[in-house]
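Okay, so here's the structure we're looking at.
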Amino acid sequence: MEKVGAVMVIGAGIGGSQASLDLADSGYKVYLIESSTSIGGVMAQLDKTFPTNDCAMCIVSPKLVETGRHQNIDLSINCKILDVSGEAGNFNIKVLKKTLYINPEKCTGCGVCGQECPVEAIDIFNEGLAKYAATSVKYPQAVPLVYAINKDYCIGCGICQGVCKAKAVEYDREDEEVDINVGAIILAPGFDEYIPPEANLYGYGKYKNVVTSIEFERILSASGPYAGRVLRPSDGDIPEKLAFLQCIGSRDYTGNGQPYCSSVCCMYTAKEAVIAHEHMHQIKPTIFSMDVRAYGKDFDKYIIRAQEEYGVQYIRSRISSIKEVPETKDLRIKYETEDGKVMEEDFNMVVLAVGLNPPNDNVFLAEKFGIELNEFGFAKTDKFNPVQTSRSGIYACGAFSSPKDIPDTVTQASAAAGCVNQLLYEKRGTLITEKTLPPEIYVNGQPPRIGVFICHCGINIGGYVDVPDVTKYATTLPNVVMADRNLYTCSADTQTIIKDKVKEFHLNRVIVASCTPRTHEPLFQETIREAGLNRYLFQMANIRDQCSWVHMNEPEKATEKAKDLVRMAVNKAREIEPIERIKLPVTPKALVVGGGISGMVAALNFASQEFETFLVEKQEELGGFARHIYHTLEGGDVQEFLTDLIKKVQSNKFIHAYTDAEIENIDGYIGNFKSSVIHGKKKERTEFEHGVVIVATGAKEYHPKEYLYGNNGNVILQSEFEEMLNNDKATNKKSVVMIQCVGSRNDEHPYCSKMCCAEAIKNALLAKEKNPDLEITVLFRDIRTYGFKEKYYREAREKGVIFLQYDEDNPPEVIPEDSRLRIEVSTPRKEKIYINSDLLVLSAGIYANREENEDLAKMLKVPLNDDNFFLEAHVKLRPVDFATEGVFVAGLAHCPKTIEDSIAQANAAVSRACTILSKDEIEAEGKTAMVIPERCTGCGMCVENCAYSAIELIDDRRFGRVAQINQALCKGCGACSGNCRCAAIDVLGFSGEQIFAMITGRC
Amino acid sequence: MVMIMGIEAENKEIENSMRETARKLLKEKEVDVIIGYTKGTVPLSSAPIMITKEEDVDKLIWNNLCYVNLAKYLVPKIPQLIDPEKGDLKVGIVSKGCVGRALIHLSVEKQIDLENIKMIGIPCNGIINRKRIEKEIGEKEILEFFTSENDIIVKGKGFEQKFSYDEYINELCKVCKVKAPPTLAELAETCVGECKEISSVDDDFEDLIEFESKSSEEKWEYIKDSLETCTKCYACREACPMCYCNLCFVDQNKPIWFGKTTDLSDIIVFHLVRSMHLAGRCVACGACSSVCPVGIDLNLITRKLEKIVKERFNFTSGIDPKKTPPMMDFRMDDAEEFMLEED
Amino acid sequence: MTLQTKQEEKINEEWEPKIIAFLCNWCSYAGADLAGVSRIQYPPTIRVVRVPCSGRVNPYFIIKSLMDGWDGVVVSGCHPGDCHYLTGNLVARRRFAILKELLEFFGIEPGRVNFMWASAAEGERFATLIKKATKIVKNLGPNKKFEKKW
Amino acid sequence: MRMEENRVSFEPKLLGFLCNWCSYAGADLAGVSRIQYPPNMRVIRVMCSGRVDPEFVIQALELGIDGVYVMGCHIGDCHYLDGNYEAIRKFDMTKKFLSFVGLDNRIRLDWVSASEGVRFGEVVSKFVEDIKALGPSPLSGDTPDQELLEKVKAIREAVSSNRMRALVGRQRKITEEENVYGEKVPEEEFDVLMDQAIKEEYDRHRILLALEKDSKSVKDLGIELNLDPSIVLEHTLTLKSRSQVDFQKIIGNTPIFMRI
């Protein structure tokens, strides 16, 4: 069957959106199918995200808006999958688009219908904490901003149709069945949180002040039902004593919950505790947990800060039940302290950190798409490629395959897109459409002829602002040649009117005074472009969201304000000029630095898409860190995988692999890099051009100085132990002790190395398998077998491996005794335990190659974090990108991670890179900064202030040393211009002159 | 042995050792040109001079009227300092503490290359506040000026007046903590003569307490009174080593951000914006006040600028060339007590 | 109280300041939109100038606004760490800190110029802070220090 | 004791809303026929019983009227075809609201045709008798029960809210004919919805009135209105989203709400 250059993405949470954007930007048609009525998923519900405390809505909504209006993304909401047929490369999917009863083309999202609806229903988005109308939108910033009628609640009274001035309510709209033909499918349906069943031990549902963590997230949210005030539901008081209980529904073998670890709860709980305290300083949070699983990048630092700066108290105890104190509605918790005392304490409110379950419709999805689920009901994926499902051509990403956090989800989403690229690359660009537009009218140097369109927005503006008066006023302003008012300026017929008026009045600037440019500017820009005007000859005055809606009780003053806003827009419009987006050519080749698993996977992915790839490895052999790993905890044969990978890399004609190689220099920018490499024994020098760079330089294992390592032959590393086991050299041992966190989570290296717990358990299990009588004791601080790895932790305990916690401040002591070792441990209960052992195995941490990374970072103008790992552009939403465009990161160079995660990240980096390499030329942002060289003194302040390394100092023939902006890299933030003393940098679209015009001429 | 040297003797010693160093530099061809001070054409002044020959060394002087910041002559680059064939000339520059600071800061701002520069460090003993003396003398014409022991003596037709040196030096010099050019290890090559190895400056800014305790209105009255006489001659700007923009903001048009008139609002805004531009850059040389023809005292603002960056960002300009100036840098945990917050 | 002061007080009560507000596109402008969508009412005193980032706000904008007779200035950006442009607001924060201190030092009422953070989810906070800024500026009365004499 | 005396000598003040075409004519007929009945009821002529806005009824009670009688044409006889059907719905809703304050037995709906002069006299007499037995309205006289007055005021505002008007106004169409989807919503289902809305709006308007006097915490509102604080919180937040109340300040750990 012929392959099809289109992809279907199921689920439009952050994962689905990311995968769609990646693919749409790489030249595929994307059908994004969402079952609810707006996109954004769980992330849109969150208040803040860890470990940066970023505002979730701030960072996710630009991405959602982009998804919503991308030309190559066909977004369908309120959908259900009916049938799937076909095979990899060519699938047919029958989709039911359930009616919203509101015409999305006409709905302006004004919300009057929701206000007038007499039915109140439970607000799902706010987790039932607020009431909502049957006609509603999920949240105020929803994409698409279209109201929907919830037929389950609607009584069909017809009020909404009566109040809708846009005539968007259509009760007779019917469900629609469509057939969609695509080449690949990405499943990103997310998860459903664990809801404690009725009659649960925690009194959830019975006691008002026991809430789940996701409900608490809405309580925290500034846009949530409590407007960001942390109140308890029973009486609206601030819960000074706030308890969080971890592992609710996770790590649970009783049958009530799930046996696996939900991976994210430890961190989100810490975050919720921190944010609660930040919102209301009187709140003193206490977290009851088993292990604190802060295994991700910079997570441990966050936990430490939570305790030290925010006074969050951690108690290591699993709570089995809660009792309500009837008079106060407080909750009584009984727990055991670390030193064994039983305590009883009352808390004002309890948050249950509920785990992540597979989505409720997992079985349905598995059946429809013909994929297998694992023992826990999540999508079953390949041992090494965590996005590959059991069916070829169908990929899974995000929490559908295992519980995971946002960055891992985003990484996987890009990884899935990366795999789709491999499958469908030949069909790239076949199904996307490009609009033909009339040539742009030349307006330079002509006097401004401004047209102003003022919107009534039904009654949303017209009800409070005297629109006719504002229109009349607009005509009196200099250079305004026409002003008109419309019921809905955004409606399709008004677009025609605008185009006609442009022709009739020879307009060369257009102003719309209506709602917010954040949602509507692109629409009007498109309209005037269709009328032959440059997109940037447009201005908007926000007289709804920032005027009529917020001054409803002062119509006269609102009208005055609207006039001012229109005048300011006219003043600016007079100064605006067309902006040409510059186009840059792209060299369709890639440089991959580092020949470990991540680097090789990335190189092979590029090569399979016929992109020439340069792979640079500093060692003499390819393989990197994985050369010393035999198996994964899940049983994958690493050596076999690695050998196969190396063979494929070496035999691929599109890959130039340089070993024993060192990068001499990297020059250039996105799409147009030029590099040189010194390689081989003879130190040959090779130069090449490429369009992107992937940094996959890996990391190294720590060589401990502690615990007699290096001085006593019986003290070895986990990797050495693995080698012993695999070569059957450990059979004579009777007792083995392992110490975890050697060189990790200490003052110099305050991060978790993530893999060591799994490594220790893997080796312990293997050792037990080879010699069941072997005594194994693992000395740990927290066991961090997140996700499904929890299973193996349990298995190890069942097989008799002893796990003993040691106190961070009193690390174990090792005393050599003859040919054996005596190990002294103080437990948190202050007991001293002595163990005699033949072998001490140290779980050494993973360290970044500091000097190497620093050199490369300097060459690429990208940053490192405090621990010398590479620092990505955004911890949450751009986990494989750098702020410097065209440069990506994968694998251990980014932070300690597992092989599967490294592979996912490598594929993700390729997918992100393909958004560049797939194009012949890339278009730079139009609104960029611009240097006025005759004013520039070359002081370099702008260079330091630029977050994107877009500015450099050059020696100009005429002006001497001056700053130069690389338009390909500039994002147009203007931080450079804001600081420039000489006013030698301006920002197109927000120029000094334009802002000057808005400030001046007040009356 | 004289235990306490008078200011006069101090000056002589500085002058001698400076000339010695200068002579040596020229002789050994370490520099092509030396920028220094020479006698002014009118009393109570000094003038800059460039010398290229050994025999001219004796034209160099040092007294307490060497108020110009010589670093100013390096930015923007003047043709005299560029050889059409060799490129940049090697320059020796007589450097009191604040000239040294200016040079170091200019190198941070990439305006000069310290490799081409030799700082002839001198332990500055303070600059006389000539505006204050002129004011006190009044209308009478000053014909002669000299120092004797610890006094400043001003002579004219029919009068002679004595001023205490300690009292009549610049306010900035009274609190100056960097008398000689600061030199950290990496600047050892650059500095010849008397330099001082310091890596940070401690200051309590006690001299600002009084003004800062005033109310907003009182401050406004004071600033208004002291700036009202400004004629916008831009002498302050022209003397300032940090004012090296190709086109100063007041001279720009398209748009004309700030008026060029001598209306009070334009005056205030000029000084306000100029101080903004000098934050973290001003080296507290006091040249601006020394050259002001109407005697406006800008020292208070100078001190405030130093205080802001010291207290907020622990930064003193022109000390450590490796330290990033505050406006080129930022930290996640910068103080933000000034932000508007909910009650 | 004399009749005159009473009258003056009355005028002051009715007088509404005009405040120019520079809002960053990604957080504060969105927060202001959210205040609108949530119909949170605040005084009609501000006129918004949208800028890409608080880092774009040159001190010229602020000083020029004061010169041009605006009674107050508000600059609002993303919270530290939330900046769409990664660090634009951190660059801006230093600049604003210095400007604010200098204005104060020059005897210009510190309340004339107010800097704030408001995220895209903080419609309520946005409104609250605008209310607060309005109150501060209102108490200061009309901005007359920069009035041209001729 | 005084109460007892009062009751004996008590002459209730009643108000009747009579439809123009049947009941008013019936009353006229009673007159023409010289049928005697007690003089306690004052009559307001309306064109149709469907015109009687629940707000009228509540306001009458609020002003101290001891009983309100709404009369219309018999079912099927309405001059406007179905105005009296509307009257039933409105009256039912009003009655449900009034049951919260125990005043539901002071209002009555009845059908009297133009030919039923005798019956008119009978029903009015019966109503006077019944109200007499009930005694004077706690809201009548110089010292009306202030607490009750507050509650009735809340009811008046609730019945005239958009939500209640929308529900009661569309009730017949939805339950008897068909809604916009061409479906019929079962009466029971609608009743559940209606009862819930009645209770909610009543509580919410009481909260609004309570906050009008001064700002209060959720807990204090709960005590004052004898409501579960968790329900008060829920309502307060809904009112906040309607821009009717707002947070004022926080005292200790307790936020105080105010009326906007």
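We call the chains A, B, C and D, going by the order they appear; numbering starts again at 1 in every chain.
Going forward, a residue touches a chain if its C-beta (ideal position, glycine included) is under 8 Å from a C-beta of that chain, and two chains touch if they have at least 3 such contacts.
Note that the structure is a prediction, hence the values are computed from the model and not measured.
Set against one another, A-D and C-D show the most C-beta pairs in contact at A-D. Once the centre of each chain is set as its mean CA position, chain A and chain D turn out to be 55 Å apart.
With centres taken as mean Cα positions, chain D sits 50 Å from chain C.
In this assembly, the C-alpha centroid of chain B lies 36 Å from the C-alpha centroid of chain C. Each chain gets one centre point, the mean of its Cα atoms, and the points for chain A and chain C are 33 Å apart. Counting partners per residue, chain B has 249, 257, 327, 329-330 as the residues that reach two or more other chains.
Multi-chain contact residues of chain A (touching two or more other chains): 227, 552, 945, 979, 983, 992, 996.
Shared interface positions of chain C, i.e. residues touching 2 or more other chains, are given as 38-41, 60, 64, 81, 87, 91, 95, 125. Taken pairwise by the contact criterion, the protein chains fit none of the simple patterns, being neither a path, a ring, a star nor fully connected. Those residues of chain C that touch chain A in the shared complex are 16, 18, 20, 25-27, 29-30, 32-44, 47-53, 55-58, 60-61, 64-65, 68-70, 78-79, 81-82, 84-88, 91-92, 95, 119-125, 127. Those residues of chain C that touch chain B in the complex are listed here as 59-60, 63-64, 67, 74, 80-81, 87, 90-91, 93-110, 114-117, 125, 128-129, 132-133, 145-150.
Of all residues in chain D, those touching chain A in their complex are 162-164, 166-167, 170, 173-174, 179-181, 183, 185, 190, 193, 197, 200, 217-219, 222, 229-230, 232-234, 236-238, 240-241, 243, 247, 250, 253-255. Within the complex formed with chain C, the chain B residues making contact are 212, 216-224, 249, 257-259, 261, 263-265, 268-269, 271-273, 275-276, 279-280, 301, 304, 308-309, 312-313, 326-327, 329-332, 334-336, 338-343.
The residues of chain D lying in touch with chain C in their complex are 241, 243, 260.
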